[in-house]
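Shared chain: subunit A. Partners: subunit B in the first complex, subunit C in the second.
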Partner chain A sequence: MTGFLSLFRRLEGPQTLGRGPAFWALFALVLAGALAYPLFSDGYTVGNTVYFFVWVFIALSLSLIWGYGGSLSFGQTAFFGIAGYSYGILTINFGASYGFTWIALLLAVGMAALIAALLGYFMFFGRIAGVFLGIVTLAVTLMLERFMAQTAGPEWRIGAARLNGFNGMSAMPPLTIPWFGGPIVLFADVGLYYVVLAMLVLVYLALRILMNSAFGNVIVAIRENPERAEMLGYDIRKYQLITFVIGAALAGLSGVLYTVWGQYITPSSMGMTAASLPLIWVAVGGRSDLTATIIGTLVVLSGFQALTIYGSQYALVFMGVLLVLTVLIAPNGLVLGVINWITKLVTRRKQEAA
Partner chain B sequence: MALLQLRDVNKHFGGLHVTNAVNLVLEQGEIHCLIGPNGAGKSTLFRLILGEHHPSSGQISFAGEDITALKSFARIRRGLSVKFQVPGVFKGLSVRQNLEIALQSRLSGAALAKEIDRLLAFLNLDAEQAQMAGNLSHGQKQWLEIGMAIALKPRLLLLDEPTAGMSPEETHMTGEMVRRLNAAGMTVLAIEHDMAFVRQVAQRVTVLHLGQVFAQGSIDEIVADERVAAIYLGQAHA
Partner chain C sequence: MDIATLAFSALYQFGDAFAFLVLSACGLAVIFGMMGVINLAHGEFIMCGAYVTAATVHAGLPLPLGILCGTLASALVGVLVELLVIRHLYERPLDTIVATWGLSLIATQGTLILVGSTMAGVGTPFGSFQVGAYSYSIYRIVLFTASLAVLGALYALFNWTRFGVLARATIQVPHMAAALGVDTRLIYSLTFACGAGLAGLAGGLYAPTMTLVPTMGATFIMEAFVTVVIGGADVFLGTAPAGGILAIVKSGMTSWQGQLFGQIGLLIAVIIVVRVLPKGISGFVLRERT
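The block that comes next holds the complex of A and B.
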C-alpha cells in the first residue's frame, strides 16, 4: 500500500516540469477538454486528431532515449515499422475475432522491444556511444526500409500476408473489441480516439513516475556524465539497454496505432524523412521534458499539416528552418523555453506579492 | 593488513610506457599521498586501480581479492570510490540531486533525505543545494564530488588533486575533511601537488616518476630526500 502511494509521489520530481495543485488542475482541465472534444466535433476531424496522437508515443520514446538518456537514436522509426508490419502480418493471418487484435498489438510491440534488446545489447555492451550510436541506428533504419521496399514479389509472404514491397501492406483489421451484441470495430473515429487518449494519459503518467524514480535519476546521470555514473557503482550499460528497449516499445506502439489508424503500413514510414521528423518535433518541443515533448509534437504536427495543404515540399523546408532556428535560439527546445520563462515570471510575481 | 596491493603493474599506451612495474601496498586505515611531476602517471595509476584502464601486465588486489579483471562498477561496489582530477559532477542537475544519485542505492525515503542534509552540512554546501552543479565554483565542485565519492561509504577513497583551484583556507578545510573521514575508518589515497596539504594529511608518501615508484616514506623523509628535490620538489618550491 505504501509502495503504491510512493508511486504517486513520483508523479512529480526534478525530472519533470509541473508540480502542485495548480499543475494538476490544469492537467485535469486539459484532460476534460480532450474527453469532451468529440462531442463538439465530427468523426472525420476526431479521426484526424487520433493521427496526431499516434505520433506522440514515438516522440516520447525519443524524449526518453535522447532527451533524458543522452543517446541520439535514429532507430525509432525502425521499431515503428517492425511493430506496424508485425501487427499487419499477425492480424491478416489470424483475424480479429476473440480480441486477437489486442494480443497482436502486444506481440507487435514486444517484437520491436525484442529486436531493440538484441541490437541494444551489441551496441551498449560493445560500448558504442555518442555519434556512433546515431550512425548504427540510422544504418539499421535505412537497411530495413531498403529491405522492405524490395519485397514486391509474390514470394515475399508470411502466411496469408503479402509484404508488397514499396506499396506496403494494407487492409489489416483495425483494433476490435469483442462484445455481446457483436464486436466493436475501432475505425479511425471516436472509439479509437478514446482508446488512444487513454493510452496516451497512461504512458505519460507512467513515464513521469519512471523518470522521477531512482531509475530515472541514473538515466539522467548517464546523460550528464557516464564515467561518473559508472564510478558510483552503476552498470550503465544495463540502464542504457533498458531505456532503449522501453523506447523501442513506445515507438512500436506508435507503429501499431499508425497501422490500425490507416489500415496500411509502407516502407517509407521507415525512410530518412520519417526518421528525421520525430527528431524535429522533439527538439523543437524540448527533448528533456515529457510535457514539453508532447506539446511540441502536437503543435508542430498540426502546423505541418496545415502547411501541407499549401504544398508539402515547402512544409518540409519549413521543418528544417524550424529546427535550425530552435538550435540557434533555444537549444533546449522552444516549448520548454517558453514554459521556463512563464514559470520564472510567475515565481517573480509571487515573490513581489509576498 | 593490506587493503590494496599492486604487483608489478605495467601499462603501455602504444610505445609509451606510462606505468612501469609499479608495486604499491596500501595499509588499511592509512592516508597515503601520491606525488610526482606532471605526466608521471599518477592519474593513470588511479584509472588502473578503478578498472577504466586494464594493466598490460601485473595484478591488482583489493581486500584480499584479485580485482584485475573486474569491471569498474563492480570494483566500486566492493568498496572503492573516486574523485576525479577534473571534477565529474552532473552539471545539469541540482547539487541535492547529485548527492541523491550517489546515495540512492544505499538509502531511500526519509533516511535518504536526512543523509543528504548531513552531507550538505559536512561539505558546506547547504546554501547551494538547489543550484545546478555546473554553476558552482571550482572548489565547490571539488567538494561536491568528494561528497558523492564518500556517499558510497567506501573502504578506500581515491582523491585525484582534491584541492586544485582552492584557496589556502579551502585547502586546509579539505584536509580537515579528509582527516575526519580517515578517523571514521576510511583509507585514503590522494594525488596532490599542494605540499601543505600533503603535510597536513599524509601518513605515508609515494613519489611517482616516469611511471615508476621513485621513493617512499614519511613526509619528512621525502622532503629531506635530495633525489626527490632534484626531480620534483625542487621545481615545486622554485
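The block that comes next holds the complex of A and C.
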C-alpha cells in the first residue's frame, strides 16, 4: 500500500513543471473544462478536437525520447504508421466483434514497440548517438514510406486486407466496446472524445510518475552527460533502449487512434512532412517538459489548421520559419520559456511581498 | 548473352549506382566531416542546383555552363544559410539538424509556391550506345567520370591548397588554429559553401536525367545519408569506399529484385554496419592506423 502511495508522490518532482495545490487545482479545472466541453459543442467540432488529442501522444513520445532522453528520433512517424497499418490489417481480417478492436489496439501498439526494440537494439547497442541516430531513424522512416507506397498491386495483401499502395488502407472498423444491449461503436465524436481524453490523462500522469522516478532521473542524467551516467554504473544502452521502446509504443498509440479516428491510413503519414510536424510542435512547445509539450502541440496544431484553411500553401512555410526561429531564439521552446518567465515573475512578487 | 556483355552490364550498373551515391553524398560528407554539422536541407540544395541548371539551359546557355551556374547558386545560398542560421548553432549539433529541417520545409514548399508543382526538364544529352542486346546511356558514363573527378578535385583541394591546410587545421583544433591567426569563421563559411556547392553540382548533373519537382531532394537524401553514415567523417577514407560497397549492394539487389529492394538493401547494410563499425569505415581505418 505504501509502495502504491509513493507512486503518487512521484507525480511531482524535479523533472516536471507544476507542483503543489495551485497546480493541481488548475489541472482539475482544465480537466473539468475538457470533460464538460462536449456539452457546449457540436459533434463535428468535438471530433476535430479528438484529432488534436490523437497527435498529442506522438508529441509526448518525442518529448520523452528527445526532450528528456536527448536522442533525436525521426522514427516516431514510422512507429505511428506501423501501428496504424497493423490495426487496419488486424481488424479487417478479424472484424470488430467481442471487443476485438481493443485487442487489435494493444497488438498494434505492441508491434510498434517490438520493431522499436529491434531497431533500438542495433542503434543503442551499436552506440549510435547524436546526429547519427537522427539519420538512421529518418532513413528507416523514409524507407517504410517508399515501401508502403509501392504496395498498390493485388499481390500485396495480408489476409483480407489489401495494402493499396499510395492510396492507403481504409474502411477499418472504429473502436467498439462490447455492451449488454449491443456494442457501443466509438465514431469520431463524443464517445471517442471521452475515451481518448481518458487515455491522454492516464498517459500524462503515468509519464509524470515515470520521469520523476529513479528511471526518469537516470534518463535525464544520460541526456546531460552520457559518460558521467555510465561512470556512475548505469548501463545507459538499456535505459535508452527502454525509453525508445516506450516512446515507440506511445507513437504507435497515436497511429492506432489516428486510424480509428479517420478510418484510414496512408503511406504519406510516414513521409518527410509528416515526420517534421511532431518535431515542430515539440520544439516550439518546449521539449523538455511534458506539460509544455502538450500545450505547445495543441496551440501549434490549431494554429496550423487555421492557417491551412486561410492560406493552405503558406502554412508549411510558416511552420518551417517558426521552427527555425524557435531554434535560434528560444532553444528551450516558446511555451516553456513563457512558463518559466511567469514563474520567475511570481516568485519575485512573493519575495518582494515577504 | 555472353559473359562479356553480362560483365559490362553489371559494371555499368555499378558505375551508375556509385556515381549517384558519391555525387549525392559528397556535399553532405564535406559539411559533416569538416564541421560535424548534419545538413538536412541537403536535398534542397540539390534541388536548387537542378532548378538553376534547368532555368539557365532554358535561357539558352549550354549544359556545362548551366551546371556551373547551378553549383554557384547553391554555394551562394549555402553562404547565406551559414551566415543566418548555422553559424549560431555550432555548439548545438542536434539543433542544427532541427533548424536545417525547418529550412528544408521552407525551401520545398516555397519552391512549390513560386515555381509550381513541376518544371520543364532538360533533355539527356549524348544519346546512347549498344553493347550486346542492350543500349546504354552515354550520359551515365559521364556521370561516373564526374564522380571520380569530384573525388579527385576534393582530394587536391584539401591536401594541396592553402585553403585545404587551413580547413584541416581548423577541424583538428579550432582554438589553436584561431590562435595562429586563422579566421575560423571564414573557414567554416567557405566549407559550408563548398558542401552546398557540391550538392548543387549533383543537382545540376542529375537535372537532365530526372523530373524536376520541389520534392526531388528526397530522392537523393536517403542515399546521401546512408553513404555518409557508413563512410564516417572522412570524405576520402569514408565516402569513396562506402560508395563502392553500397553501389555493389544496391546494383546487385536492384538487378535481382527491383529498385525498391535495392534501397532496402542499403538500409539493412547501414543498420548492420552501424552495429559493427559505429564510426563508419573511416573511423575503422583511422583506428587501425593509430
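By definition in this document, the second predicted complex is superposed on the first by the 354 of 354 C-alpha atoms of A that agree within 3 Å, B and C clash if a C-alpha of one lies under 4 Å from a C-alpha of the other, contacts with A are read in each partner's own complex, and residues count from 1 in each chain.
As a convention for this text, a residue touches a chain if its C-beta (ideal position, glycine included) is under 8 Å from a C-beta of that chain, and two chains touch if they have at least 3 such contacts.
Just so it is clear, the model here is predicted, and its values are computed rather than measured.
**Student:** Is A:Pro14 touching the first partner subunit B, the second partner subunit C, both, or neither of them?
**Tutor:** Touch partner of A:Pro14: subunit B, not subunit C.
**Student:** Using the superposition on chain A described above, determine whether A:Ala251 touches subunit B (first), subunit C (second), both, or neither.
**Tutor:** The answer is neither, since A:Ala251 touches no partner chain.
**Student:** On subunit A, which partner's contacts cover more residues, subunit B's or subunit C's?
**Tutor:** The larger set of subunit A residues in touch belongs to C.
**Student:** With both complexes overlaid on chain A, does A:Val218 touch subunit B (first), subunit C (second), both or neither?
**Tutor:** Only subunit B is touched by A:Val218; subunit C is not.
**Student:** Figure out whether A:Leu210 sits in contact with subunit B (first) or subunit C (second), or with both, or with neither.
**Tutor:** Neither partner.
**Student:** Touching A:Val136 in the superposition: subunit B (first), subunit C (second), both, neither?
**Tutor:** second
**Student:** Considering only the touch criterion stated at the top, classify A:Gly233 as touching first (subunit B), second (subunit C), both, or neither.
**Tutor:** In the superposition, A:Gly233 contacts subunit B only.
**Student:** Please report the subunit A residues shared by its interface with subunit B and its interface with subunit C.
**Tutor:** Touching subunit B and subunit C on subunit A: no residues.
**Student:** Which residues, counting only subunit A, touch subunit C once they are in their complex?
**Tutor:** Touching subunit C: residues 70, 72, 119, 122-123, 125-128, 130-132, 134-136, 138-140, 142-143, 146-147, 150, 272-273, 276, 279-280, 283, 313-314, 316-317, 319-324, 327-328, 331 of subunit A.
**Student:** What residues on subunit C touch subunit A, complex-wise?
**Tutor:** Touching subunit A from subunit C are residues 32, 36, 38, 85, 88-89, 92-95, 97-99, 101-106, 108-110, 112-113, 215, 218, 221-222, 225-226, 228-229, 260, 263-264, 267, 270-272, 274-276, 278.
**Student:** Under the stated contact criterion, what part of subunit A meets subunit B in this complex?
**Tutor:** 6, 14, 214, 217-218, 220-221, 223-225, 227-236
**Student:** Which subunit B residues qualify as touching subunit A in the complex?
**Tutor:** 50, 52, 71-73, 76-77, 81-82, 84, 88-94, 97, 100-102, 104-105, 108-109, 145, 148, 152
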